[in-house]
Amino acid sequence: MATLVILIVFALFLTAIWTGGYDKQLLNRFRSHWLWDWITTVDHKKIGILYLIGGAFFFIIGGIEALLIRIQLLVPNNDFMVGDTFNELLSMHGTTMIFFVAMPLLFALMNVAVPLQIGARDVAFPFLNSLGFWLFLAGGILMNLSWIFGNAPDAGWTNYVPIASNEFSPGTGIDYYVLGLQISGIGTTMGGINFLVTIINMRAPGMSLLRMPMFTWTSFVASSLILFGFPPLTAGLFLVMFERLFGANFFDVAMGGNPVIWQHLFWIFGHPEVYIVILPAFGVMSDVISNFSKKRLFGYTSMVFATILIGFLGFMVWAHHMFTVGMGPVANSIFAVATMAIAVPTGIKVFNWLFTMWGGKIRFTTAMLWAVGFIPTFVMGGVTGVMLASPPADYQYHDSYFVVAHFHYVLIGGTVFGIFAGLYYWWPKMFGHKLGETLGKWHFGLFFIGFHLTFFIQHFIGLYGMPRRHFTYQPEDGLTTLNQISTVGAFFMAAGTIVWLINIIKSARSAIPAGNDPWDGRTLEWAISSPAPEYNFAQLPQVRSLDAFWFEKMEGNKKMIPAEPLGPIHMPSSTHWPFIMTIGFFISGLGFVFRSLEVGVLGLILVFLTMFIRSFEQDHGYHIELDEIEKTEKGANA
Amino acid sequence: MSAQVEHKGTQAHLPPHPEKATMESRNKVLGFWFLIGAETVLFACLFGTYLALKDSTMGGPSTEELYQIPMVALATFILLTSSLTSVLGVLGIHRNNIKQVKLWFWVTVVLGAAFLGLEIYEFFEYVHEGHTFTSSAFGSAFYTLVGTHGSHVLFGITWIFCLLIQLSRRGLNMETAPKLYVASLYWHFVDVVWVFIFTVVYLMGKVG
Amino acid sequence: MSRGKHLGRLLFVFSMIALLMAGCEEPAKSVLDPQGSTGEEQLTLIKISIYIMAFVFAVVMVIFIYVLIRYRQKPGDDSIPEQVEGSTKLELLWTVIPIILLAILAVPTVATTFSLAEKPSEEEEALTVKVTAHQYWWEFEYEDYGFKTAQELHIPKDKKVYLKLTSRDVIHSFWVPALGGKTDLNPGQTNTMTIDAKKVGTYEGRCAELCGAGHALMNFEVVVDEEQKFDQWVAQRQEPSSQPQTAAQERGEEVFSQNCMSCHAIDGAELERKGNKAPNLTGFGERDKIAGVLENNDENLEKWLKHPDKVKPGSYMPSFDFLNEKDMKSLKAYLQSLE
Amino acid sequence: METEVQQNQAQQETDPTPESAVKHLLSFALMIGLTLVAFAAVMLEVVPAGMVIPFILVLAVIQVFLQLFTFMHLDLKNNRMTVTFVMMGLIIGAICAVALFVLG
């Protein structure tokens, strides 16, 4: 019956669209609304801001989940949130923070900075870029709907089977995980391909590969990791979906399946994922440290090769997450040695950062504080990483709070610090005004202290025998004080985040224009006005060196030398199809979650229909005419 | 705002390599190669899963009892031939010969459909013998791998079919030519995957 | 601004004090205080890696702090520093030194990985125990002696114990921090692990792989005794005293066979059916804990019997709230009499 | 659109005269031949038992490269980046498949 109703509604919609029998005035009202502008945008800078808003939203949700976890662990045998509820919290916290916070916030920075840094007018696939964002948002919303419908995923962010199979996790919780990740994963893959092609094909004249800023390089390597890392996840999620929805038997031992296959698939993706979220942060750090030390990056070439090497080795080490599975000493040893090898290029990077600052003139802006705070924090996370690489020692650390401490040092101390550094650094380029420096320093201070309070302690909690994902501990375990300190630290971090939000609002209210080049920048994005005009560069710049803009400034030029005469600029037109297609995916996801094959298929039909329409659409964009460009450029320089 | 850009691409101006002529088409081709790279890993994971589970037949028919080599050989030759015909279509693009393009891509679609028909027939046979998607881990892994390939074939013929419609409506121009080129890349990739399926699934299944 | 700085310093001091305080508590089970050779070997490796890594961290910090102090921009100094490209010598230095340090770590790592995976030799006369994990309890089967027990793993001191680990349902992980690291228990697969204990005592064990709602309370104990005492324990397990002595206990056995038998078993008792879905309760009266979490006394036993789900979320044991007071009392008396 | 027709150095070298179908027909013949050999190796048991699987795998790999470099117009000189990424995909794919087979 329900299916019939849906079919009829669907058919009505289709007839309305085809026959034009819909309310044209209403549609026009929609179109003139400012939201429509954002929904249909294909401008990479606007998409970057959308990613920022989406990521920040989920950051708050994931943060609240983290606080609830820490409150539960405040006292032994607490009964605030136990059992399945606690498992839901930790699963959603992990999944949200990785997929819906770290990834989109990095995509925000990449979208804003990469095309500007390589002197491009646009990304290679504006349509896919927009689609990628909407799919991320749809995936995130779909997964978080599980809180409202009362059955969230509860098998950890790793979603190990058989705990995630129908038998041991009945209901729809895991389905939200599977479909939410599948949808946002498709978007992420598209984003990755987009950045790869952009960086390879769309660089300004003279911008050779070895003149690209470090952030562009790390984004490039991270995008290739996305390209090869997400398919195993896609494959794995398909297997889980088939098993949960259609009765397949990949993991059910009774039917000849093998649950370890999921672990391999997950970690073949999962380990590159770690580098996907850390490498762009490395890039931000490289740019920020070099900029605020007034020096070029020390050992640029070795930095580039270290990045590539980290990316490549990142695929050879996934099984170090599985030392205790029982793969045998041979496999364990191979993966242990491969893992240790990654420490070498990472070490190269750390020392290069230190020696970039050596002999420089360091300015402690907020962005630089994040970068400076990042170095000791990340080194801490790195050295515990090497310790974890040794299988016999890992038998003790594995799945204990020691591991929790380690990966938070890397993911917060590396990725989140990097994201904040990047946001403070590029904020003027995104919005035309800086984030407040005083509040910024409070934000950094509270967050930094809170972070170390929370997680330094957790190394010891782990060594004293507390496994991760335990909702409680016993009074006689002697872990009470340690856990309490950790909880207090979490609240410091929350306070820091609140200061950040206040800072955003306050600086937007006063909106003091920051000027084109507020930080005495080195790379191309600082050569154009803030915020960047929609066509980015009125004339494509001629790049003559690494740190192209700095080079021109040292030559005594105030601007980049243009590589082409001023002329009309071709732009892609806005399109609503990515949004419509995403709605199709969303309907399909929701349908499969509720085990309604019809709705699921219907959503997919909408997706393919949109693809079909898009394929037949003839849209060649539009040109921005010369006088308009001149007007904009004049306004920006006035 | 500014005026819409008019599309002026006509057959007469088609450059010898339309797939490399504009930034747009170069992006398209490069991006598509990346997608192929990603799909390679996706299929590799399904192959790995199949290999790990192929002996878990749970009393159902084993690979050796099940597979019918003559039918697989026929399917293989059909698909290999379609790969050749699609490349002949691409040569047509390079010669700016719309008739040749149409002919060879139509042949490709027909061959693809024939392959798909054979595969569906094969699946029916297997289900008949008690080898189903849910009968064992082997069944699940087999149908997932071969079925994913089959769905790629289906997508491929639909895609090329749509492009053929566009071709007859708009002619061979800077818009349709790169699309066809990319579609033929996709078709070759589907063929490459099949080369591994007949080797790893069917032939190795017979060796045991 | 200056007030802000002041507050910042205060925060810093506070956090440092907190970190120091953290060291004061005495942990009950610790990786850093191993009581068996497996744990010791692992600790050796942990120590080697900590020393190497502490060295690396110290070097980074020294350079880091020096740079931050020495090279901050002085007010009024607008000069442009020299734009150094790099230094092949330095870069080689921090490529080669880490490689050497890692090699130093890699050799004992590989050696220990292989030595820990070895099966105990014939001469060592290891005790073999089959460990089966269930949501959320542990079953220990002494194959050589032909009996099963649950929640408490008894082993003799100074003797290798060869564990064969598997799971009945989902993936669990066997962890006794004081005796050695984890090994996963996978359904349909048997992993092995060798441990021993050099000191008599009771060591806490935990499940270390998320296994469902009751994961945090899937605890167990390893009880280490002198060999002689262990043999006594084995003898008693083989000839358990499960016969009711008093009238209350007799009634208790009746209640047990009516309500508990489909899942639980008691060796040596004259009961008709013996369940194997839930822990074997032979010798229950001698156990330290109920369900691995509550101290074993009358009050807690009643709490557990009435609301197992409140004690251990997700527990499959149904509530026995419906038993009348007398039956409950006799059931408890019977259970506590099992030795 | 034509205003945008840019030719980079790599393309300027390409021959404006259309390529002939001979290369592709030869390549196709070779593929059919390799396929026949693979089927024959399994069905007729002409290859020693232990060698059959490696043998047919090698044949499959040769076919892949034939497809890539003839039908798919990949060539090392002009598309270095593409070749790098396709090879990376093949290597990582091979690692995944073998690892799942051996360790799974």
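For reference, chains read A, B, C and D in written order, and residue numbers begin at 1 within each chain.
Assume a residue touches a chain if its C-beta (ideal position, glycine included) is under 8 Å from a C-beta of that chain, and two chains touch if they have at least 3 such contacts.
Everything numeric here is computed off the predicted structure, so don't read it as measured data.
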Among all chains, which one's averaged Cα position is nearest the averaged Cα position of every protein chain shown? A
Winner on C-beta contact pairs when A-D is weighed against A-C: A-C
Find the geometric centre of each of chain A and chain C from their Cα atoms only, then give the gap between the two centres in Å, rounded to an integer. 35
Averaging only over C-alpha atoms, locate the centres of chain B and chain C and give their separation in whole Å. 52
Which chain A residues reach two or more other chains? 196, 200, 227-228, 232, 258, 260-261, 264-265, 268, 570, 620
Sequence positions of chain C contacting 2 or more other chains: none
What are the residues of chain B that contact at least two other chains? 5, 7, 23, 30, 34, 37-38, 41, 45, 48-49, 52-53
How are the chains arranged in terms of who touches whom: line, ring, star, complete or other? other
What part of chain D is in contact with chain B in the complex they form? 1-2, 4-7, 11, 14, 16-19, 21, 24-25, 28, 31-32, 35, 38-39, 41-43, 49, 52-53, 56-57, 59-60, 63-64, 67-68, 70-73, 79, 81-82, 85-86, 88-90, 92-94, 96-101, 104
Complex contacts: residues of chain B adjacent to chain D: 5, 7-9, 13, 15-17, 20-24, 30, 33-34, 36-38, 40-41, 43-45, 47-49, 51-53, 69, 73, 76-77, 80-81, 83-84, 86-88, 90-91, 94-95, 174, 185, 188-189, 191-192, 195-196, 198-200, 203-204, 206-207
Could you list, by residue number, the parts of chain A that touch chain B in their complex? 124-125, 128, 189, 193-194, 196-197, 200-202, 227-228, 230-232, 234-236, 238-239, 242-243, 246-250, 252, 255-258, 261, 264-265, 268, 568, 570, 573, 612, 615-616, 618, 620-625, 628
Contact residues on chain A for chain D in the complex? 196, 200, 224, 227-228, 232, 258, 260-261, 264-265, 268, 315-316, 319, 327, 331, 570, 620
Residue positions on chain C within touch of chain A in the complex are 1, 4, 8, 11-12, 15, 18-19, 21-32, 39, 41-43, 45-46, 49-50, 52-54, 56-57, 60-61, 63-64, 67-68, 71-73, 77, 79-87, 90-91, 94-95, 98-99, 102, 105-106, 109-110, 112-114, 116-117, 135, 169-171, 173, 175, 177-178, 180-184, 186-189, 191, 204, 206-217, 293, 313-314
